[in-house]
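Okay, so subunit A shows up in both of these, paired with subunit B first and subunit C after.
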Partner chain A sequence: MSSKALIRISLGVYLIIFFSYLLGPLVVMSLTAFNSSGFPSVSPWACFTYEWFNVLWNDSAIREGIFYSVIIGLGTVALSVSMGLAASIVLTQVWAKFRSTYYTLIIAPILVPGVVLGISTLVFWDRLGNFLGAGDGSMLSNLFHNGIFLTILGQSSFIASYAMLVFVARLQRFDPGLTEAALDLGATHTQAFRKILLPFMRPAIASASVLAFLASFENYNTTTFTIVDYKTLTTVLAQKVRLGINPSISALAFIIITLTVFAALAFEAYRRNQARQEAVKQGKAKAKSGGILPSFMTGNPAAIVFVLLAFVAIVVIGTAQKYSPEQCKIQVREAKQAEIQRRIKELQEQRLIKSQSEARQGPDIFGAPEEEDTGGKPSGAFGGVFAPGNLSDDADADQPEAEKPSGGSGAFGGVFAPTNLDNDEGN
Partner chain B sequence: MGSGVAVDLENVWIRFGDFVAVREANVHINGGEFFSFLGPSGCGKTTILRAVSGFLEPSDGRVLIGGNDMAGIGPNKRPTALIFQNLALFPLMKIWENISFSMEVTGASARERRKRADELLDMIALEGQGDKLPSELSGGQKQRVAIARALCANPDVLLLDEPLSALDLKLRQHMRTELREIQQRVGITFIYITHDQGEALTMSDSVAVMKAGVIDQIDTGHNVYDNPATPFVASFVGENNVFRGKIKSISGEEAVIGTNRSGDLLARVTPTQVGKLGVGDDAMMFIRPEALELGSNSGNDKTTISANVVNEEFEGNSFSVFLEGDGGKLIKMAVPNVGQDHITGRGENLSLHYDVNNAVVMPAGELASE
Partner chain C sequence: MKNKMIFSEFFRNNGVVMGSLLMGLVGFWLIFLVILPQLSMLDFSFRFNLPPADVGGPKDVYTLSNYQHLLYGSDATHQTYNTVDLWVFVKTIVAAMAVTIFNIFLCYPLAYFLGQSKGSGFVRLLVVLLIIPYWINEILRAFALRIIFGDSGLLNEALMFLHLTREPIDFIRQDIALYAGLGYAYILLMLFPMYNVIESLDRNQIEAARDMGASWPRIHRRIVIPHAKPGIVSGATMVFMLSAGALAAPQILGGPSSLWFTQLVYQWFFNSLNWHQGAAYAIVLLVSTIIIVLTVMRIFKVNMGDIGK
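Presenting the complex of A and B:
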């Protein structure tokens, strides 16, 4: 094997590992959204279902969280983009000796931990309210203790720095002569800003807005302090993780991932199409000749993938109208019940044997190995607590031995075991 | 179109911290004149232009346009339009929007603006190109668009900051003629900044030659070339041979200068320095390469130079012959190409003569660096 081929193969392997590391979790998470199992899991696969999207839609806390996240996101975009733009323009105007100091000052909020920003925002506005003598219940006091107001300010304090970095990069390519030319032609400073600089900055404003919105949407550590009595998507999710999650979170993740991929592909398709038109205009490429594909798709893989994705989406929606997982669910439940019955039987037999042997050897407090094996199935990350057998034992009877396996408790106790609910319904 | 308006600089000083960019500039520019500031880069000519257009205020002195003091009046309020060195066309606007920008800011309707832009596009011979972007035009076309954009503002004074420096030679020569024609057509005052003496001489009514913030001479192109006021002007504008020495005798407007290598030479005292030279003063004499002729001047050895040939170069329209001169400097002489193979051999001793009218002498001073 030549070394060239070796390099190529190892590069391929590396890429596969890299992308599975990058995208694997997203794929697994997306799959869990379609499993009817009550805890987000892929294996064991129960039934293919869309029900978690329904659960998600009916979850008012998440809906409310998204709503406020969007409101705060838009507020943060407006505030941080304008602050960032102003800061970057000042950077180009400020006295050269002072420039690096100013830059460090402006960039500092990125380095400050979000938690500190959150707490200080909260404390600052509270004290400011006190200082201004705003009594409880007055309008000013209400504003200074309003979660949305505080969160927008708290997030903007560092997101504005990100926005500024985007603007500075663009501004470096701006020819100040253009502003002078506009002034020379009779424009006021405002007109020169609005008609020359702002159009030039438009692409940077767009990307800074997207960046600011995403940074705001996913922010947790600042928000959790400043949000007070409101909730955003991140704080709702954090709460849910504490109190118990179900695959509706995966459904949300799936929606977000799909939207992101769609947006990225649509943008890429648009961009390539633009570049192509430009090339045709300059006579560097031939105008497209008619083929089977519509013109905007030729030589544009992004557009083709985009259309395929749209096709898949239509198929999914179509099947959702027809397909019902109820039949499958009933089967799974019956299978489970049968399994449980079998286990109980096994257990009873074991106990019978055990009690006979105990009668000879005396009680064994630490539990014999046989009891550990009662779960039967591989236990996985949560140390066997979710094994369907555990709780059925609990529910089944008052044997104290059943307590033993749950002693190796995982993070969420036993609450997420898929069989919980089944048992509830069953009994 | 605006009519020509006079521009005056009265005792203008411009300082940046300790650095003096412009020292005591006194310039009168007539209305409707094509006036050039000529000087090497960094001599302060662009600074003067910025003071006229209003981007900076003089540290001292006054700038007057049409007799009105411009102190405190911003660039957007002055009756001037500036054509930038890099043209500064707005890259995101179409050509017609670029041209009519000065109307847009005063609130003219799109239709009016389009109409005016189309008129100006006709004038600069770019009909039907109004909907292109600046990036789609060639260098010369952009140049003309920049001129049209400036003219659209109906300025009284058009300021041009080395607008031709980015063009190639042929286009530059073409644009010179074109600029001159436009200036004569619109009749407004043009102030032109350049370091290219060819541009200044071909286009201008008057030329101001600058050196390190100081204006050495203001005169017509012809006078600047033939009667330079200082050694700097003599050596910066066109090519010149310099002979250093001391004045031996003066009679009226003629003087004899004693040089080391070439002996005593007779020359005309440059008009602005008549009466300022005394016997024994350090002086410099300048003779243009094209004023030297082969052969000795019978009867007058004071207008004859004898020297050894160092090198000969063929330049197409002429031969340049380099001879050993004063202080290691070569004497350059231009012989028109009228079909001869070559002029002379290396090392040959030649006698050259010149007409006294073509040699100027003046007090010694700083030369332009080469």
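Presenting the complex of A and C:
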């Protein structure tokens, strides 16, 4: 018995570790969207704020990126879903000896690094344009160097493989006898396809489209080469993250995570509802009526959670218009100022001691009171604070900032560098 | 491969309109989006980087110089090796393998647990929880890890709060963040193929082995793992290829001094504007990763047909 308990405990621990590795970073990132600190962080927590959503909303580069991402996504869906469907139908008919070669060919794009696909697309269409003698500025040349055109082609080359896999799974359950029957009854091949195969494939087409759109929307490796002078959401984000980060990106991530959670819950609720109705139809379960909950929510925890979350979201968005963290921000600023004053005093005392001991030519027996507690942070630390590397990306809340104190000595120079203030002025 | 008879049969089965539509779409995909671009890139990588006026002229001849640059650097006498780029290449391949192996060990228990405990509400919940990070942008996931691993990130704050370390540890510079990020980015591509094959394993086989007195490690070694092999190899292939070809995670989580091989390709394209050199590096990456994958598949006796199931 005890070994069984041991297994259960270790399984539990393992599940907790796995899911915190998977979800922890997303939770932390979501939290940073609500911290007023200019650098995305959860500790030290400054103020609860919605301002980063405003910053995000007013960011024209991100809006432009989303716009082009959607256009490219739609183009990719249209192209890759139709290519994937055709490829999967051909797979069921292809000559048996050729089948495995053919399958390797249509699955290979998934395994080719996205960077390679992007480069090859860019190079090929550039050279095709030259080969066809399209001069600079001609319509063909413009098309072949158009970032949207190239990105749709580059992304479709591997997303079609994903779509194909979805279709192959569905086609395995298709009864070709149905098409034969339709043909025997005088339907043309096109009619048989439209009236028999296409309706059967409709759920697969829907899920392949969603899959293709999401894959296109989040693609970076291929897009970064083929996009040329346009922007997509991912290339804008990558640029922002590399050049310096601020919590408005966390805000965007929070929105995406929330939408994903809603979509997952809605899908799960829908699936359960279908399963339950199926069970009712077959007489295995009773159709419950009455009760407090509407019928689609009974026995459907996903639906209940979905509705609750939607309610919370509406309340939060409603209150967000009125909530203002100004009071809190002032307090934080005052606390920071007090902290700076304290540090200045400390430093001055330190210098005083030092100069005294130097004057006496004695050994530095006093040392520097470096171990003074500053709330679990390295206060040793003046060294750290003044290190140049610290300033570049780290102007977060525990760094002293605000206006230059009158008693400040030259030693503070770096702390008040303009970059440092930039980040905090938003607070 | 295909002869006329096959074609005529194909058109007889599908009708002329549908047949040509199908052939047209598949042909466009395979020829114009896959085969010709790859061949074009291969050809491109064997040419000099010439100004536009000289392209197609007498100077436009084939050369190995782009590949020699990876081996010898800009040293024309080929005396010294291009240690910087070669080291980046080796590091990329080895690290991608390490990430793959790490993911196999991390995912196997969960895949087994999910695959064998069927239908309970708790398992459905776990699967829904798994799907959520799957659809978050790769860049945002790397960004999330950067928040955690940064100098004043959560992990350093926590370590210092617990007095485990006094100075913040530079996870970024030591590439710890990068490896964690790569493992994180593609972990679900390992989990789902494994989960799918283990789910199809008949539970009675395990029961039977246990009734006959087999120990747990033995059951896994003799029954579960052989059954799950196609899924494991398929997941491992995807994780390896994607990690070796990753660009976003190294750009965001990599240290300033260490590079990933794809970043070299990126630099050739966008910083040096030498597409030919970049294409040559990309070909090296593609060919070497494919050779490694095919070798592993041969060793474990898995077919290409198992990928993607």
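The rule is short, and it goes like this: the second predicted complex is superposed on the first by the 356 of 427 C-alpha atoms of A that agree within 3 Å, B and C clash if a C-alpha of one lies under 4 Å from a C-alpha of the other, contacts with A are read in each partner's own complex, and residues count from 1 in each chain.
Here is the rule we use: a residue touches a chain if its C-beta (ideal position, glycine included) is under 8 Å from a C-beta of that chain, and two chains touch if they have at least 3 such contacts.
Please read all numbers here as calculations on a predicted model, not as lab measurements.
With both structures placed on the common chain, the touch criterion links A:Asn142 to neither subunit B nor subunit C. Contacts of A:Phe200 after superposition on the shared chain: subunit B is touched, whereas subunit C is not.
Within the superposed three-chain model, A:Asn58 lies out of touch with both subunit B and subunit C [touch as defined at top].
Look at A:Thr188: by the touch rule set out above, it reaches both subunit B and subunit C. In the superposition on chain A, contact of A:Leu265 is made with subunit C only, not with subunit B.
When the two complexes are overlaid on their common chain A, residue A:Met29 makes contact with subunit C while staying clear of subunit B. Once the two complexes are laid over each other on the shared chain, residue contacts for A:Phe18 go to subunit C alone; subunit B is not touched. Looking at the superposition, the partner that touches the larger set of subunit A residues, subunit B or subunit C, turns out to be C. 188 are the residues of subunit A that lie in the contact sets of both subunit B and subunit C, per the superposition on chain A.
Chain contact summary for the complex, subunit A toward subunit B: residues 175, 177-178, 180-188, 191, 195-196, 199-200.
Per the touch definition, subunit A reaches subunit C in the complex via residues 11, 14-15, 18-19, 21-26, 28-29, 32, 39-43, 82-83, 85-87, 89-90, 93, 95, 98, 100-101, 103-117, 119-125, 127-128, 130, 153-154, 156-157, 160-161, 165, 188-190, 193, 214, 217-218, 220-221, 224-225, 233-234, 237-238, 241-242, 245, 249-250, 252-253, 256-257, 260-261, 264-265, 268, 301-302, 376-378, 380, 384, 390, 393-394, 396, 398. Here subunit C touches subunit A in the complex through residues 1-2, 6, 10, 13-19, 21-23, 25-26, 28-30, 32-34, 36-38, 40-41, 44, 55-56, 106, 109-110, 113, 121, 124, 126, 128-133, 135-148, 150-154, 157, 160-161, 166-168, 184, 187, 237-238, 241-242, 244-248, 251-252, 262, 265-266, 269, 275, 278-279, 282-283, 285-286, 289-290, 293, 303-305, 307-308, going by the rule given at the top.
Interface residues of subunit B, counted against subunit A in their complex, comprise 53-55, 74-77, 80-82, 84, 86, 88, 90-92, 101-102, 104-106, 149-150, 153.
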